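The same chain A turns up in both complexes below, where it pairs with chain B and then with chain C.
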Partner chain A sequence: MKTALANRMTPYLFLAPAGIVLVAALLYPIGYMIYASFLDWNPSQRIGEADWIGLRNYTNLLGDAAFRESFWVTIKFAAIVVTLEMVLGVGLALLLDRNLRGMSILRTLFILPMMIAPIVVGLMWRYMYHPTVGIFNRTLENIGLPTVPWLSDGGWAFTSIIIADVWQWTPFIFILSLAALQSLPQSAIEASRIDGASAWQTILYVKLPLMMPVLIVTALLRLIDAFKVLEVILVLTNGGPGLSTEILSLRIARTASEFRELGVAAAMSNFLLILLLVLTVAMYLYGKAAELRAARLRAAAEEAA
Partner chain B sequence: MTLTFKTCVAALAASVSLGSIAAAQDVPAPYQPYAGTTLVVNFPAHPHYNAAMKVLPEFTEQTGIEVEVDQLQYLKMRERQTLELTKDEGDYDLISYVVFSKADYVYADQLENLARYFMNPKLADPNYDAADLIDGYVQNIGVAGGQKGYLPGPTGSLYGIPFGSETSVLGYRTDIFEKHGLEVPETYDALLELACQIPELEPGMGGLASRAASGHQASHAFLLHLNPLGGGIFDDAWEPIVNNEAGVEAANALKSIVDCGIEGSQTFGPSEAAAAFAQGDYAMFLDSIAFAATFEDETNSQVVGNVGWALHPEGVKRASQTGGFGIAIPKNAQNKEAAFLLMQWLTSKEADLMIAMEGGNPSRFSTYENAELNAKYPYAATFGEALQYADPDWRPIIPTWGKINADLGTTLSQIITEDLDVQEGLDGVAERSRAIMDEAGYYTWN
Partner chain C sequence: MPEIRLENLRKDYGAVTVIEDLNLSMEDGEFTVLVGPSGCGKSTTLRMIAGLEAVTEGRIMIGDRDVSRLEPKERDLAMVFQDYALYPHMNVAKNMSFALRLARYDKDEIHKRVSETAEILGLTDHLQRKPAELSGGQRQRVAMGRALVRDAGTFLFDEPLSNLDAKLRGQMRGELALMSQRINKNMIYVTHDQVEAMTLGDRIVVMKFGKIMQAGTPEELYRKPQNKFVAGFIGSPPMNFLPAELRDHGGTLHVEGQGFSVPLSAERSASLKSYTNQNVHLGVRPSGFVESDAPGAIEMPIVLSEYIGAQSVLISELGGQQVTIELNSLEPVRIGEIRHFTIEREELHLFDPQTEAAL
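Right after this comes the complex of A and B.
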């Protein structure tokens, strides 16, 4: 009897340390944040001194035009950078998936931007975007073109932060796509070649579909990251001009430190968390659906055979 | 053997205590009980505090009190203090705070009321001469609880002493003004006209270097013009008046100043504006006195010897900025009395002059009148005069200001860069400010 109980408990016992760490390190802070989002809490108070105000932080946020604007800027930013980075990253991977001399050096060079600290990336680009001494405007001037207000015009500033982000994070997509490409079954590619597929057809009908699971996860990781990017934009524009580059994470940081409203900042973080959860679940469901469809097709093909 | 050992220990102990008595006898009596204490202070990275740090060894030598400085960028410093002040036992004995933190700290009951220190005959120096401290600064930075809550008045009391405070002045290029026979603008009309005339006279040069970056910086630049033009953020009943005629005039002034600036001036913070002036890209500079010394520093400035100073031009009245920093003792400090002694010493006539000679901002009228200082920094006299017009009610120092300031600053940035209609933009600010004030309970008694 006792041995049976002990046997039954053993797996839980082994799981316990991980479970405790999970609860302490993950659930507690999230629970804290959710609790804080119902409080009118400024950083000069301890959490116990803050007033409970129910859902007011949330309802206020929904009516706050600046928050809605920054929500929209975030979605626009994430959608554009992830699309651009996916196209460029996968494209580069397809181009460089071959045995050239010095390839390993080239690959290392390509992933360098990813390794630079975001603050440094921000500073670097800020100098390059400088209206008079920056390399971009100096070059434009030298070839006789009109200069561009990189960071001092709303539309251009938004473009500028996209360029900087694409520069920094395309290598991430590139390196993961390259790994996916190199682990593809050579047999499928050879078979397509024997069937007379052109290079484009191989890419479109064989390589990309086979890479799809990896690409979906990659895109999801990038998307989550893009929603949270802070430092580069903080250094480049600090959200300006106006609210044109004030993405949600920057607004959260400002709400906590500048406006001193920790409860509102927590509510915003929860909105962001919910948004990311919805996206993750949607991606996951899409992956499942695609898998099911593939299985159905395979079954149909087998039946036909 | 044991006996010898004991004797040795006793002799050693005697010599140690004799030594410390001897050391303590060197320091003046008020400081003796605290000699050997180490104070931890929190200062911002700022020209005034850099100068103050050069003088601190002198304090240690005179008093035997050691000082350890934790220096941070001023907005980071504010974040750190916010957390630090909620602890039961704080790490800082003396903090420097940026003027708008006064509202937050005093309201949260985190600063020591200084009355009990100035009442203590063992601590208060009878020769301190508080009347010599610059009045506008003391009212703006040190006193809370009077009129409107953040200003002095019969119910107010002192929580801090100005240290590294500043006002606004107009810097101009004497060479450029001479070359074109220009007159230094006395009024706002003249200033605005000149700001846009200069780019025509000197192609490639901007008129007036100003902050303008979205948020706090744009709001600060707007306030510089709003007060002299007779405007304000609120009336006496806390109703927003930022969108009245004077407000619109001030926003238009800011926009025209930025439009007549060099490329990229829409994103300038104070250091970018100062750097552009120091590089010779502008003919005028309207901002804090704290930058004056940097324009005469040959390593960073190309305009050394060519910068003249004048009072902040007059609109319907003269009203220059009051801002910068003060020093205070946190409620949770470990060595409050020694911290008070340091505070009193740093703002004494003697130390104020020493710090000013190192390039800091004086807190005392007598320092501005000092001949030695005027010989080293010829602009000191102008700055001293400017202080008479420093407006203690330059901006509302209330807990909700952070949010209103940011909203005002982003809206102004939209006015400057996205051609948002001035009246429409300011109406929006007024409406949102009213909602913020309402929620914070400012209309409870109406």
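Right after this comes the complex of A and C.
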């Protein structure tokens, strides 16, 4: 009896250290943040000294127009950049999925932006967007067009951060799509050519549907990331002008450091966390559904054999 | 009028020449089989005809149209791939109707054709299934069905049966033969299996290293192989080859080797006179040996005997070489027995040892 119990427990014993590290490293900070979101907490206080105010941080936030604006800016930003990046990235992959001379160099060049540190990307684009010495306005001036207030006008600033983000992250979609494309069953694509499909029809009816599982996961990953973007925008606009580019993570950072309201910042983080959790669960459910479908198909095939 | 003509066809992959100066014409409505060992360029040839592979040099004519540079869809052909190449995300009906839908046939016509073809292939109950839900044999039928629903002028097959198990392969081979008689279109069929080639082809093209070794009817290839390669490739069990020499015995040439001396016909003796006292390769099919007590019969010890019923396949030894013999006899032959055989005149195939051409 005793040995049987010991045998059953052995695996858990071996798992315990990893489990403890996981709890300490992952759950503790999250728990801490959730706890903090119920406090009225100033960074000069120790956490024990802060007042417990229940859900007031949350209810205040929901009534706060600036927070709602920031939330809306974040969603708008994420939706637009991910859409643009998906279209451009997949489009480029479809365009460059061929064996021409020099294509591998071109592909390597394409993924460079992704490898640059976000802060550097921000600085680089800030120089390029500079109203007088930036490359964009100088070029516009040289060809006799009116210059653009890239970062100083609310509408333009939002466009500018989108351009920078698209520049940096389209390569991510591009390489994943290219990998997906190159692992498609080549003979099915050849079959579609024999069946009379034009290049467009092959893309529309064969390639894209077959890439779809990868594309969905890629888009979700990218969406999760886009909700958390901070550095580039911090450097480019610091949220301004006004609140036009103040995405949520930036507002969280400012709430904590400038407004010195750790509890409110924690509550905001939790809103963001919930949003990301929804996306992650969506991704998980999608994966699960795909798995179940595959299992069902396999079972049917075995039955047919 | 020859329907499909390959003229001086050549294919290079970089510096490697895979197909070299291929010339072939296929009559209208003919079932042509390209056969040869793996890697000899059969698929490459077929894919060039299909338009999936660019032609390096030469021309492909269909009727009097030069199609060498045309897209596959402009060549009016349907193809069955070795791995079936079904669209994984479409169900059977969608797979079969894809080409028709692209060509904007009307719904009723598509429905009619798909259900007719599915009926013939026994797929009616599976039309709503995805390829992953089908067995190998069913997938194979869908691939056939996808080609058949289209009214294409030419059908191309690249080893369509090679992924099936032996029993299913035999069954599908029979169905294919029936089907090809019924629809009477140009068919070009690639296989490495000579049995498939012999049973299906109106005409067989034997290839090796990107060249045609011989093209002809199954009978021509079997009875009059033009070279040692074709002789050894066609026929099962394969032909035996023995080193020999031609000797003059009073005006009649004999093929002589270790343990045997077989006279040639007067006609052949005359035509091969110049080869007197030269080395040749003697080829004899396992069925070319006949049991006989006549003087000059070859004495052969039986090393191995496989009794199949009305037939036995024997392995014997002649001049230190293994020789396969097919014997029609209801009685099993025991190992260790010594039997006597003569070789049928018709079955004496002689080859030049250097060029390997038939003499």
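Just so it is clear, the second predicted complex is superposed on the first by the 270 of 305 C-alpha atoms of A that agree within 3 Å, B and C clash if a C-alpha of one lies under 4 Å from a C-alpha of the other, contacts with A are read in each partner's own complex, and residues count from 1 in each chain.
The criterion applied here is as follows: a residue touches a chain if its C-beta (ideal position, glycine included) is under 8 Å from a C-beta of that chain, and two chains touch if they have at least 3 such contacts.
If you're wondering where the values come from, they're calculated on a predicted model, not measured in any experiment.
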Chain B versus chain C as contact partner of A:260, first or second or both or neither: first
First, second, both or neither for A:130, with chain B first and chain C second: first
Touched partner set for A:238, first chain B, second chain C, both or neither: first
First (chain B), second (chain C), both or neither touched by A:152: first
Per-residue touch tally on chain A - higher for chain B or for chain C: B
Partner chain in contact with A:19 - chain B first, chain C second, else both or neither: neither
Which of chain B and chain C A:31 touches, first, second, both or neither: neither
Which superposed partner A:190 touches (first chain B, second chain C, both, neither): second
Chain C-contacting residues of chain A that also contact chain B: none
Residue ranges of chain A in contact with chain C within the complex: 185, 187-188, 190-198, 201, 205-206, 209-210, 294, 297-298, 300-301, 304-305
Chain B-touching residues of chain A, taken from the complex the two chains share: 42-46, 66, 130-132, 137, 147, 149, 151-154, 237-244, 246, 254, 257-261
Residues of chain C defined as touching chain A within the complex: 50-52, 71-73, 77-79, 81-89, 98-99, 102-103, 126, 129-130, 132-136, 138, 146, 150
Touching residues on chain B, where the partner in the complex is chain A: 75, 78-79, 82-83, 85-86, 104-105, 107-108, 110, 213-216, 262-267, 399, 402-403, 405-407, 410-411, 413-414, 416-418, 420
